[in-house]
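The first chain written gets the first letter, and so on, giving A, B and C; residue counts start at 1 in each chain.
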Amino acid sequence: MSKEVKPESVSLCPLGMTAAPEQELLCIFGTGDFGRSLGQRLLQTGYRVVYGSRRPHSCGPLPQGAQVMSHEAAAQSAGVIFLCVHRENYDFLETLVTQLKGKVLVDVSNNLKKNVYPEANAEYLQRLIPGAHVVKAFNTLSAWSLQNGPSDASRQVYLCGNSAEAKQQVVETATKLGFNVLDRGTLSAARELEDFPLQLFPEWRLPLRLAFGLTAFFFFYLLIRDVVYTYVEQDKDISFRIMVSLANKVFPIVSLIMLSLCYLPGVVAAFLQLYRGTKYKRFPDWLDRWMLCRKQLGLLALGFASLHVLYTLIIPIRYYVRFRIAESTISKIKENQTSVFDTTMAWRVDSYYAMGILGFGLYLLLGISSLPSVSNALSWREFSFIQSKLGYLTLFFCTFHTYLYGWDKFLRPSYYKWYTPPGYMLCLVVPSVVMALKLNYHNHRHRKNKTNRKRRYKDTAVTGITRAIALGNLTHCFGCH
Amino acid sequence: MSKEVKPESVSLCPLGMTAAPEQELLCIFGTGDFGRSLGQRLLQTGYRVVYGSRRPHSCGPLPQGAQVMSHEAAAQSAGVIFLCVHRENYDFLETLVTQLKGKVLVDVSNNLKKNVYPEANAEYLQRLIPGAHVVKAFNTLSAWSLQNGPSDASRQVYLCGNSAEAKQQVVETATKLGFNVLDRGTLSAARELEDFPLQLFPEWRLPLRLAFGLTAFFFFYLLIRDVVYTYVEQDKDISFRIMVSLANKVFPIVSLIMLSLCYLPGVVAAFLQLYRGTKYKRFPDWLDRWMLCRKQLGLLALGFASLHVLYTLIIPIRYYVRFRIAESTISKIKENQTSVFDTTMAWRVDSYYAMGILGFGLYLLLGISSLPSVSNALSWREFSFIQSKLGYLTLFFCTFHTYLYGWDKFLRPSYYKWYTPPGYMLCLVVPSVVMALKLNYHNHRHRKNKTNRKRRYKDTAVTGITRAIALGNLTHCFGCH
Amino acid sequence: MSKEVKPESVSLCPLGMTAAPEQELLCIFGTGDFGRSLGQRLLQTGYRVVYGSRRPHSCGPLPQGAQVMSHEAAAQSAGVIFLCVHRENYDFLETLVTQLKGKVLVDVSNNLKKNVYPEANAEYLQRLIPGAHVVKAFNTLSAWSLQNGPSDASRQVYLCGNSAEAKQQVVETATKLGFNVLDRGTLSAARELEDFPLQLFPEWRLPLRLAFGLTAFFFFYLLIRDVVYTYVEQDKDISFRIMVSLANKVFPIVSLIMLSLCYLPGVVAAFLQLYRGTKYKRFPDWLDRWMLCRKQLGLLALGFASLHVLYTLIIPIRYYVRFRIAESTISKIKENQTSVFDTTMAWRVDSYYAMGILGFGLYLLLGISSLPSVSNALSWREFSFIQSKLGYLTLFFCTFHTYLYGWDKFLRPSYYKWYTPPGYMLCLVVPSVVMALKLNYHNHRHRKNKTNRKRRYKDTAVTGITRAIALGNLTHCFGCH
């Protein structure tokens, strides 16, 4: 904005009734959804807004209070110009090279797919208009959050550009609008900024693939063990069991394995730290990556556990189960059998359900504490307590639940169909390893504590995990620049 | 604030150790809850605070560090006065007209009901003290959020007033307190601001009425078909079935219809856009209104679906169900019947439960992603994926679940009591229409894409819906000024 | 920062293209996790950063763009120094007393336990370096939130210190980083700030102890009534019932009592206000404390209610229940009994389940509206409606559910084992008292309203509760200074 700053208008801060703040004039090219939302919000925050349009007299509804001019006139009157048009239309700006010289051009564009163009929109724009100072900003916002005000996640606005003064002006405007601005460097970071809104659950890819792989493996494993085996060996078609009975074995198995995979990297990392002696050596990349997707692993496992609970609760209203119970009662009558109440069986079944319910209840609590608003309201110590101590308790209950379910099945040969172990035994491998390692770690640490009194940090697995996270994230953070 | 700004205190920004920031003095009239919370927070942010009170020496507990004076003395010493008293007490200000001349009077009052007074509190105040500059602000805050700091939704503060400089001063103070300020224009907007905290779920009114209407209709429809019919035709009183069996038919029917009504406007809007050719024509008002309450429709439908799940799961512990099963087993014994296991029935029942569980699971996921903190953490593409793609998948599962439930009932005349179709058939009309239209739309769009290569926008139903929302909201937004 | 502020750089606000903002230089001592995250964020926000390190040439990875010097050189070049080292290392600063004279020293340290040292870290630091201005700030942040940007709860930064200008400088920096700063006073508040991150659910302590106490009491009460009594009187061992049957009596009893304890203080407070006549007298401390932990009481009660629901839903798949049902059917056949369908029983059982489901559904709604992001999105009136009106409705449904469960059991002597009443009767005492008091209160208020027309406030129980909360919190707030 090419105007002189009069000394007395400096008295803006602190306040004075005498000098009125002169509202700054900003220019917007483009009268689409985003252009209109942006203009509306700038007007509400106290700026004056002028739109540049191809047809100033018939360009559709604009926010009240905004002026409309031709592109040339609008470009001349303001110092900062927001370019709210699609990349395909950037060529029209070539006619305005002289008017845009020395101005700040804010590029807010996005593409609909990644890698459509060889260079980022902002870099292309800078190439078109070398005299202007192109700043990439606001492209991660939606017209929605401009209208309704910044909320927690949409408060962060990323910015990059080659000129420090141009960036500073955009930072001031963004701050007035209520956003937090993070500078990502020069215009070479524009490609990264343009890819942000096109993300589709990047951190869920690995856990989803793992879940899919485990589900497919156990589904076919159990299909062969149950349905195919029965068909081959006993010539009976029990394929109807696929829909519920088989599903209700696959889901809990996948859930428990993924839950233990959530806690395994923590124990592995803690052992590594214990034996290396220092915390600042980087972890291997695979361990780093694994630790970053633990939250997603845990939430997917919770999803599978919820399906398992629902499938279990509909057991008594299944036709197959009712038929079977009726048949069993009828055959008892006909054969005049008397059954004795097996107290051990009663204890075992009730305990195994109780363990399952308590484990699932704690698991739900872990899930609720992962919600962004709840985890933000917890202090670090509270969050660690829930995710670590209550987390290991959940793993214990669920593992014990599965051991009780198995009970003495492993002793009976009939369960080893074609010499393959039952699904629940395969399922119990990883959780048992994790629980064993955890106990082992606590023993080692207790012994090490006695010999080393000058420890600076209280080396709990929790601190180990948190620092590992922090380290992992710092490396990712530095990698951006 | 009538003080001269000394040149060297301007060096506040950027920082310098030599010039100390002179803390500004603000005045508060009123020592109630709000007045005390406001004063506390201003003191914590670094302001000096003086209270004006009728009885300066016995006005109850005040925040430490605040001064107390008579109203006249307090009004004279500060430039901005926060008026934290109820409207009924505004008359005492008439005695202070001379001291209040030229000051900024911030009106934070609320009424307990709408439309109690003919004019807004702020307009009444301005009429009482014409010499002061009345600014309406902070009335949407509670003493709670002043004490605990602004959180996401309470960060937005609305402001209106006739004088731009007065508003600017209040904006600066609000920003220092950590709030985002939106200017709503002149004092004529005061009525609107005063109605904000008295809202009681305005956007839920239509969906709630719809839910109530559908529930009442289907309740009486099924009451007549089941209970009244059986009483009239078979002289049997099965009215006890109202509490659970009937409820467990009404709830899923209403839920499925409302879920499909969630997705119907999107398909209708997409068809409209396809045949109109342009996106900037406004939608009909009814369609606009419908699209704005889709989230509430969906959440209500999720509530009904949850009730349906709970009612279904308690089926086997009902006295009526246990009695019926026992009777059926006993009669089988007595009549010496042997029942053959019906595999098709087993497949059908298991599939229909599996579809229901998967549909409900996805539905819960949709609900969780609607929580403010979760939806804010998602990118636009991620949110669209969940609400649109996973949403249609949910609708598909639930519709298929209902078709499997129905199976071949529609072929049997006994289900057409007094020539009325079973409830589930009425229920399936809207969802089937929505799924059919959606498939039809995709075919049309595919053909249109081939002929039109110069499309600027990738016209997915998602983009169509989002733009329609944005358009709809912009019209509402402009309507305020 | 000892540099002269040139007049033209004052034109920072408002903007001007000619004068570039000179980036301020900040110094960080300490190259650990926190030091690096802080430096990274300061660089992104536009500051220049210099690290002070013992070994400037081999201190590990630092954010790009930051300089490294020796401690003495770094201390001399900046005016504000962030001290990101542990308290045990503060002694090295004694060698830098001369360089640190007049500088602002920001202490961000935390301890791992409370009360390890006799004085707060910041006070110790000030004692070590009397010439510097020590400001305690940022200690409640984690490296995580520095990296990922401030989110709702971690936006609040507390600050304390003896020098107002030093605090002002830190406030400006924190505000630029996107945080809200609250001044807690002089350095004597440092101990309180250092205890913040070590909190472990302080407001849950009382509710958890109450829940534990009630659970233990009712567990032993019912254990004696059910298991021990049967063993002593009928010589039968039914101890297997502990895992599920007994648990499924303890959990709902504790849940209902805690839910009614949630609403009891509100009614008591409302009665107190009604008979005292004024709102500004303080409540007794115990009432105050009780009212502050109502949210936690309610959420714990919801947890117990959820466990009760799960335990109830697995009833039909328990071995004990299946055995008992089979035995009952078999004995009916053998004794050739015909059972008549008891319609009253059917009505009662179905109604009692329906009440339970509706009560639990409303209870889940209350819980969802307690989530931070949801409660922030509601207006005051909406939140009151849910928590108060819907809350009392939930209490009513759950109480009615328990009355229907009891039905006529209280009339049969066999339920009074060793002259003790059944658990459900003890459970119903508190809820019935609460409902009775509430109805009584509404009658009294209605009569009082007629006689007193000059009421300033519409005295609803809701307003009563809210004011009581606000009052309670204000006293806590003042107590800090």
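By definition in this document, contacts are C-beta pairs under 8 Å (C-beta built on N, C-alpha and C of every residue); 3 or more make two chains touch, one makes a residue touch a chain.
As the structure is a prediction and not an experimental result, all values here were calculated from the model.
In summary, the pair chain A and chain C forms a contact in which the copies contribute largely different residue numbers, shared numbers making up under half of all those used.
With rounding to the nearest 5, the Cα superposition of chain B on chain C corresponds to a rotation angle of 120 degrees. With centres taken as mean Cα positions, chain C sits 24 Å from chain A. Residues of chain B found to touch two or more other chains are 10, 13, 21, 152-153, 313, 316, 329, 333, 371-373, 376.
Listed in rising order, the residues of chain B touching chain C in the complex are 10-11, 13-17, 20-21, 33, 36-37, 40, 44-46, 60-61, 63-65, 86, 88, 112, 140, 142-144, 147, 149-154, 178, 196-201, 237, 240-241, 243-245, 247, 303, 306-307, 310-311, 313-314, 316-320, 322-323, 326-327, 329-330, 333-334, 371-373, 376. Chain B contributes residues 1-3, 5, 9-10, 12-13, 21-22, 24, 79, 102, 152-153, 155-156, 164-165, 168-169, 171-172, 180-184, 280, 309, 312-313, 315-316, 325, 328-329, 332-333, 339, 341-343, 345-347, 349-351, 353-354, 357-358, 360-361, 364-365, 371-374, 376-382, 385, 456-458, 467, 469-471, 473-475, 477-478, 481 to its touches with chain A in the complex.
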